[in-house]
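Think of it as A, B, C, D, E, F, G and H in the order they're written, each chain with its own count starting at 1.
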Amino acid sequence: MNTQRICCAGFGGQGTLSMGKILAYAGMLEGHEVSWCPSYGPEMRGGTANCHVIVSDEPIGSPVVTSDANCVIAMNQPSLDKFVDILGKDGVLIVNSDLAALKEDKEDIRVLNIPANAMSTQEFGGAKLANIILLGAVIQSINTVTVESIDDAFTHVFEGGKAKFIPDNKKAFKMGYEFAQNYK
Amino acid sequence: MAVIFQKTKALTDVKLHYCPGCAHGIVHRLVAEALEELDEVKNAIVAVPVGCSVFANKYFNFDAIQCAHGRAPATATGIKRVHPDKMVLTYQGDGDLASIGTAEIIHAAARGEKITTIFINNGIYGMTGGQMAPTTLPGMKATTAKNGRDPKINGNPIRVCEMLSALDGPVYIERVSVSTPAQVTQAKRAIKKALEIQRKGLGFTFVEVVSSCPTNWGLTPVKAMEFVREKMIPYYPLGVYKDITAEEGK
Amino acid sequence: MAKVLMKGNEAVGKAAIEAGCRFFFGYPITPQSEVPEYLSSELPKVGGVFVQAESEVAAINMVYGAAGAGARVLTSSSSPGIALKQEGIGYISNAGLPAVIINMMRGGPGLGTIQPGQADYNMAVKGGSNGDYHNIVLAPASVQEAVDMVMEAFDLADYYGTPVIVLADGLIGQMMEPVEFNYVCKKELAPKTWALTGKGDGEKHMVENLVIEPDECEAWNKKHFETYAKIEANEQAWEEFLMDDAEYAFVSYGTSSRIVRSAIGYLREAGYKVGMIRPKTLWPFPTKAFEKLDKKIKKYMDVEMSMGQMVQDVAYACNDKNKIEFYGRTGGVVPAVDEIVEFGKKVMGGDK
Amino acid sequence: MAKGRVTINEMLCKGCELCVSVCPKHVLQLSTTKINALGYNPAEVVNDDCIACTSCAKMCPDCAITVEKLD
Amino acid sequence: MAVIFQKTKALTDVKLHYCPGCAHGIVHRLVAEALEELDEVKNAIVAVPVGCSVFANKYFNFDAIQCAHGRAPATATGIKRVHPDKMVLTYQGDGDLASIGTAEIIHAAARGEKITTIFINNGIYGMTGGQMAPTTLPGMKATTAKNGRDPKINGNPIRVCEMLSALDGPVYIERVSVSTPAQVTQAKRAIKKALEIQRKGLGFTFVEVVSSCPTNWGLTPVKAMEFVREKMIPYYPLGVYKDITAEEGK
Amino acid sequence: MAKVLMKGNEAVGKAAIEAGCRFFFGYPITPQSEVPEYLSSELPKVGGVFVQAESEVAAINMVYGAAGAGARVLTSSSSPGIALKQEGIGYISNAGLPAVIINMMRGGPGLGTIQPGQADYNMAVKGGSNGDYHNIVLAPASVQEAVDMVMEAFDLADYYGTPVIVLADGLIGQMMEPVEFNYVCKKELAPKTWALTGKGDGEKHMVENLVIEPDECEAWNKKHFETYAKIEANEQAWEEFLMDDAEYAFVSYGTSSRIVRSAIGYLREAGYKVGMIRPKTLWPFPTKAFEKLDKKIKKYMDVEMSMGQMVQDVAYACNDKNKIEFYGRTGGVVPAVDEIVEFGKKVMGGDK
Amino acid sequence: MAKGRVTINEMLCKGCELCVSVCPKHVLQLSTTKINALGYNPAEVVNDDCIACTSCAKMCPDCAITVEKLD
Amino acid sequence: MNTQRICCAGFGGQGTLSMGKILAYAGMLEGHEVSWCPSYGPEMRGGTANCHVIVSDEPIGSPVVTSDANCVIAMNQPSLDKFVDILGKDGVLIVNSDLAALKEDKEDIRVLNIPANAMSTQEFGGAKLANIILLGAVIQSINTVTVESIDDAFTHVFEGGKAKFIPDNKKAFKMGYEFAQNYK
């Protein structure tokens, strides 16, 4: 596997950080080197939140992705505007199309528009699993970790009392994965 | 038709960065209004703390300095000594004032420094994400007291007005709240009175505002105000703790 | 133990517990607040004690007491909080007590910003307190290394009788990486017979700090400097990255070294014979790494998240300031890989 | 009883509901449809029973409320 | 024939460096005697301050640590947490405790730290040569208040027992003096009681000793003791300020 | 004005008053307590204000306020007291405010001793606070020079918008020498339109310390570094003593330079071609003095009352660490002339 | 009334006179002739009226006094 | 004038510091370079007190006299023992012979034993002017400043309310001066 550089970005509360965390966890479970690097600010102020995940088979240099990203997940417009340019050649832009849209076409990248908020709301009665839906699309679109590893990651991240969240998460993940599979 | 309530000019147009329903916004307004009504906006200099209100300097439409954590009373002392004819305030949270800044507030008070301190007691460290404050109530949860504050383990809360009242320097100490419109009215009255006393040069004045931090309390703003009324105020009783102008009147 | 994915701040907390530390005294500050938060719930589980001190000043003086009492003890903070601890650090150093201090640096000076920085190098390495003293300063570049260094820090502190500073930054504190806890102490540690435990039936113990007679005070200082000389001889640590055939060397530590590592990847691809010396100990500074290379290296490219606080140490190590080019970002800015690649190319020119 | 009018500056409102909770005449409610640029559902006026008591405005942390007295 | 008074073994043979008639010597002895009588010399650890008593570590015949100026309560906290079964004391002057160390004493008290603080209030900075202390009386001369302390200029003195009594953490607070043999007897009783409470693990205990500094007061030792009785004690009234053991008894 | 015989501590107090300083905030500590004592009675006479702060921390934050309010303001302390002021110094530096800080150094570390020392060089010159910043550091070697430098310090502070540290020691504070007060400001000082005075009818004033956006914070830092570059270009100051024909040069500052001066007398008598470079500014360090000499000097003999804290700066200035020999006493010991003579002879050998 | 004996350790005494000032029987006085190694005039016993009340010893800051009770 | 290095030493309270101060003052009034450098300790503890005075026509290097002293004034035995060895060739040792005595003869130095305590007590009813008596002897014995300058110094040092002390000081000074003149 080549080094995979992924950036998840959105509003605070949209679950961008935990989406990245599951990905990183899955990478670790597969034995790769991983890093998960969040933005942080004066806490409790809302605003944007993003994290950078790197999965690699070599020791990871910069944990911050400022260029050559393989995948950017933009959960809202400001995030899309801010991060689209860090995509490298053949990078994949995954857009929560309910809240964002790429304004100008860009060469050399692939764009997946996914109405994740709507999909989540329809299926789960709220937008809270939009992040996992998008994660499904990520895993389908780039060469990082296997679906099984993500499943494993769920069981690690949702421990104890949180185990009850696993089925919905798996479902959301699958929705996203399949949406990407059938994309266009 | 007359406008009977609108945003005071003593606040700037910068949008407040506070969480929805945070009482900081209310108190900012009261301080600003009080200064405006006293026509002291032009003479006011406020020493803002490290805490959620660290950017208060951007919101208050008068001179301001961002102080080191806890040291606003010392910094305000420096300012007041240089400009004894200006209105000098500190605006401080409970971590700032009652924890790291304990020595500074006590000594500014004991010196009878002619400044006014507005003390926002929200029982938690807001800015850094909900750690225990000296004023966190017994049983109240914090990120450094996850099972709720246990005085046996985490020490006892400090009642600042009561403690400062043991000193000779302060001339006016009142504890107010802003959890109801009536309390807001009383809070403003107290702040205004403190500033008037400062203007007369009588001594150190102190207004504690029992306040809320919905975010770190994990409550909606409305529930948070209920918590203020039901839990905070019984522990931190409102009222005047010291008032030499009243004593003089006697 | 299997690897776990942990936030740096929590990982260093766990590392301390694994290293046998049972006492933490600290005060919240971004970007390290998860250290006290984590320890506030984890220490009691292992019979340890967490105290949220009223300030950093109180915290470091609690550390002084606990260290004097013979405990393994930790405090942690970030830049301005560490500035407040300077007097106390001097006291602990003077008394020759072991203690571990973590600084998750942010941009400065003063209140500065809460984003990652490396501008406390001078404060940590040159000494931000009064008097002649040194502290061992360890500079991790990953969460795993932070874990290992925290654990080692306790041993070094106990072995040499000196505070050890783990100088990381907000990025290392906030990021998650897989870690395992399997450091093993390689030093033989003497029992702390000097510790304040009550004298019982024996001699009383004293931890002193005022030595009123200059001659005695000097002797006390010189004793410490003998220890420092040993540390300089034995504890210099660094990593050499692609240095075998290198004609140019980056010098960088901690977070900035990770950016450099990525940049070197690109530069090597472009044909540059470039490597990196990455100091893992900042004090003692790994001069040995430079002595070894001596004339071989055409330029040292010092990259920091500061305005160049390490430059003098590099110059002293290679004994030629003209060999050093510096690139730095500060105030909480983490440099991008591209910038470093560009800087490298500019310095190395067509010189591949 | 005096008659009044409340105006909400939707750009400033953070939907905290404090105004709603204190209005004796239930004049205000959070919008269930609008979302402002800050991402919040702003308060809106739902009846014209306002008595110009300014309770809402006193509680608003964001100075989003203007009250007029109609005479 | 029986020896009914001699130097306690809980003091070393090192000669005290204090000025003639300095009350530090008396209080040292009382602390030592109290520990001896409680058979706790072997378990005692004292945190000594920066001030004239900075060398108390040499005089007390038990474990001791020289603390940073004002920080003895924090340092003692560190020690007590490591050795909860030992007797941990701080011994502090008024500059140390009531000026630079204000935050540390208040928070140790509020935490209910199970230590005993002996507070020597001699109304002046002894070691550094007679500068004003937080407890310098109005009218009393100091090298930084050469015309005598004027509260308008130099601020008001702080009554520490009264201030600490406003907190929940302390379980025993008493102010004593050593200007007469009877007071000395009472002072020892208070110190002993504080230590006994600590031994029982009940909480923070505090004994203030209204004391003398003949040298910097510019008085003979005998006159200085008179000054204690005539000026200091009226301003700093002796007595028990807090005693939960008494309250429990009720 | 006729010369008067004054104690250093009182003389610097008077110098501040002569320089127009009307505000002093400080806390007693030996060996500088006569500074606050003197000013407590003298400032009120000229309409000034003396406040005995509750601590050094409070004092430096009062200074921050008064400086922000546009006043000339002074604080003074000695080593451990200055360590406590580090956070505050960082704040003042970050805000770009003028202030003068006197350190009458004593031996360290920690509580140390109360006798004279020079071991706070690093804390003052390298920066004992967090972040990237510099303070101008002036090092007087006599009471007269202390007076002149304190007066100049206020001008430099106002001119560049930065704290200025006058780094003397207990000996200079305690000794008496004849002084006169006739320093004249050579700089044009802009009015302090930025100061907190109440906004009146104008724009409001702000003194800020938190710059949450890294880019802005970096820009703020870089602006300061532009100022620092100007200071480095313009303000290096040093004395050359018998350097014209010198083949060996002592490097020493402050009190130790006076011992060296006497020693040079003996060494010259014995035929050694030896002189001294005496830095008067420690930051900026007078590298120009060394650049000028370059190859001419066989050895630099660094003499300090510390374990060698200035050595790296000398090495950086002359760019050859092997040219430096160091002799130091510490912990409050003032070296005797004989020791320095002997040291000089050992280094210079028969080389006359 | 009990009978007692006071002994002053002259090496420790700093001549502060506190003991002298509190003795109800005026047993003690500062020597007008002796100077000890510390440079002080030590206290000395000038009569044998001591009643073993230990007042002097309680006041002595330098632990210079031993009191015995004669029985 | 050659550089004169003088060391005054005794118990705290014997006036060694002020003796040195008057000497330094006189030197300054004559236009010389002078320095006065005291010992200092944790204050208020009694013990020994000494000061070093240098009078010179060149800028003064070390203000601390550790060798080559021209004159040592020893007001008590510990001071004598401590400082006698810093005397240079032909240095003068002035001893308050009531409280100190040189135990072993030393070469190359001149010794003046002056019963200054007794002289002061006899004349002024107390030992408090012993220091000035010894100062008189210093001025007579080494080549520093003139008697007139010392008189001037008195008027500067004893200003205002303290002027009443001048006559006794002058008298004591003269006593010491004459004692030295007639010595042996």
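Here is the rule we use: a residue touches a chain if its C-beta (ideal position, glycine included) is under 8 Å from a C-beta of that chain, and two chains touch if they have at least 3 such contacts.
The structure presented is a predicted model; accordingly, all values stated were derived computationally and were not measured.
J.: Go through B-D and B-C and name the pair with more C-beta contacts between its chains.
T.: Higher C-beta contact count between the two pairs: B-D.
J.: Average the CA atoms of each chain to get its centre, and name the chain whose centre is farthest from that of subunit C.
T.: Most remote chain from subunit C, centroid-wise, comes out as G.
J.: By CA centroid distance, what chain is farthest from subunit D?
T.: That would be chain H.
J.: Suppose each chain is reduced to the average of its Cα coordinates; what separation in Å results between subunit C and subunit D?
T.: The mean C-alpha positions of subunit C and subunit D differ by 54 Å.
J.: With centres defined as the mean C-alpha position, give me the subunit B-subunit H separation in Å.
T.: Their C-alpha centroids are separated by 62 Å.
J.: Quick one: report the Å distance separating subunit C from subunit E, using the average Cα coordinate of each chain.
T.: From the centre of subunit C to the centre of subunit E is 39 Å.
J.: Measure off the straight-line distance from the CA centroid of subunit D to the CA centroid of subunit H, and report it in whole Å.
T.: 87
J.: Name the residues of subunit E that each touch 2 or more other chains.
T.: 19, 50, 54, 66, 68, 99-100, 102-103, 106-107, 111, 127-129, 134, 154
J.: Find every residue in subunit H that makes contact with two or more other chains and list them.
T.: 41-43, 46
J.: Listing for subunit C: what residues touch at least two other chains?
T.: Only 30, 54-55, 57, 80, 87, 91, 110-111, 114-115, 209-210, 212, 334 qualify.
J.: Considering the complex alone, what residue numbers of subunit B touch subunit C?
T.: Listed in rising order, the residues of subunit B that touch subunit C are 50, 54, 66, 68-70, 95, 99-100, 102, 125, 127-129, 131-132, 134, 143-146, 153-154.
J.: Can you name the residues of subunit B that touch subunit F in the complex?
T.: It comes out as residues 41-45, 47, 50, 54-55, 57-58, 61-68, 71, 74-83, 86-87, 103-104, 106-107, 111.
J.: Going by the contact rule set out above, which residues of subunit C touch subunit A in the complex?
T.: Going through subunit C, the ones touching subunit A are 3, 5, 30-31, 114-115, 142, 170-171, 174-178, 258-265, 334, 336-338.
J.: Which residues of subunit F touch subunit E in the complex?
T.: Result: residues 27-30, 33, 36-37, 40-41, 44, 50, 52, 54-56, 80, 110-111 of subunit F touch subunit E.
J.: State the interface residues of subunit G toward subunit E in the complex, per the touch definition above.
T.: Its residues touching subunit E are 4-5, 12, 14-18, 20-22, 40, 52-55, 57-63, 65-71.
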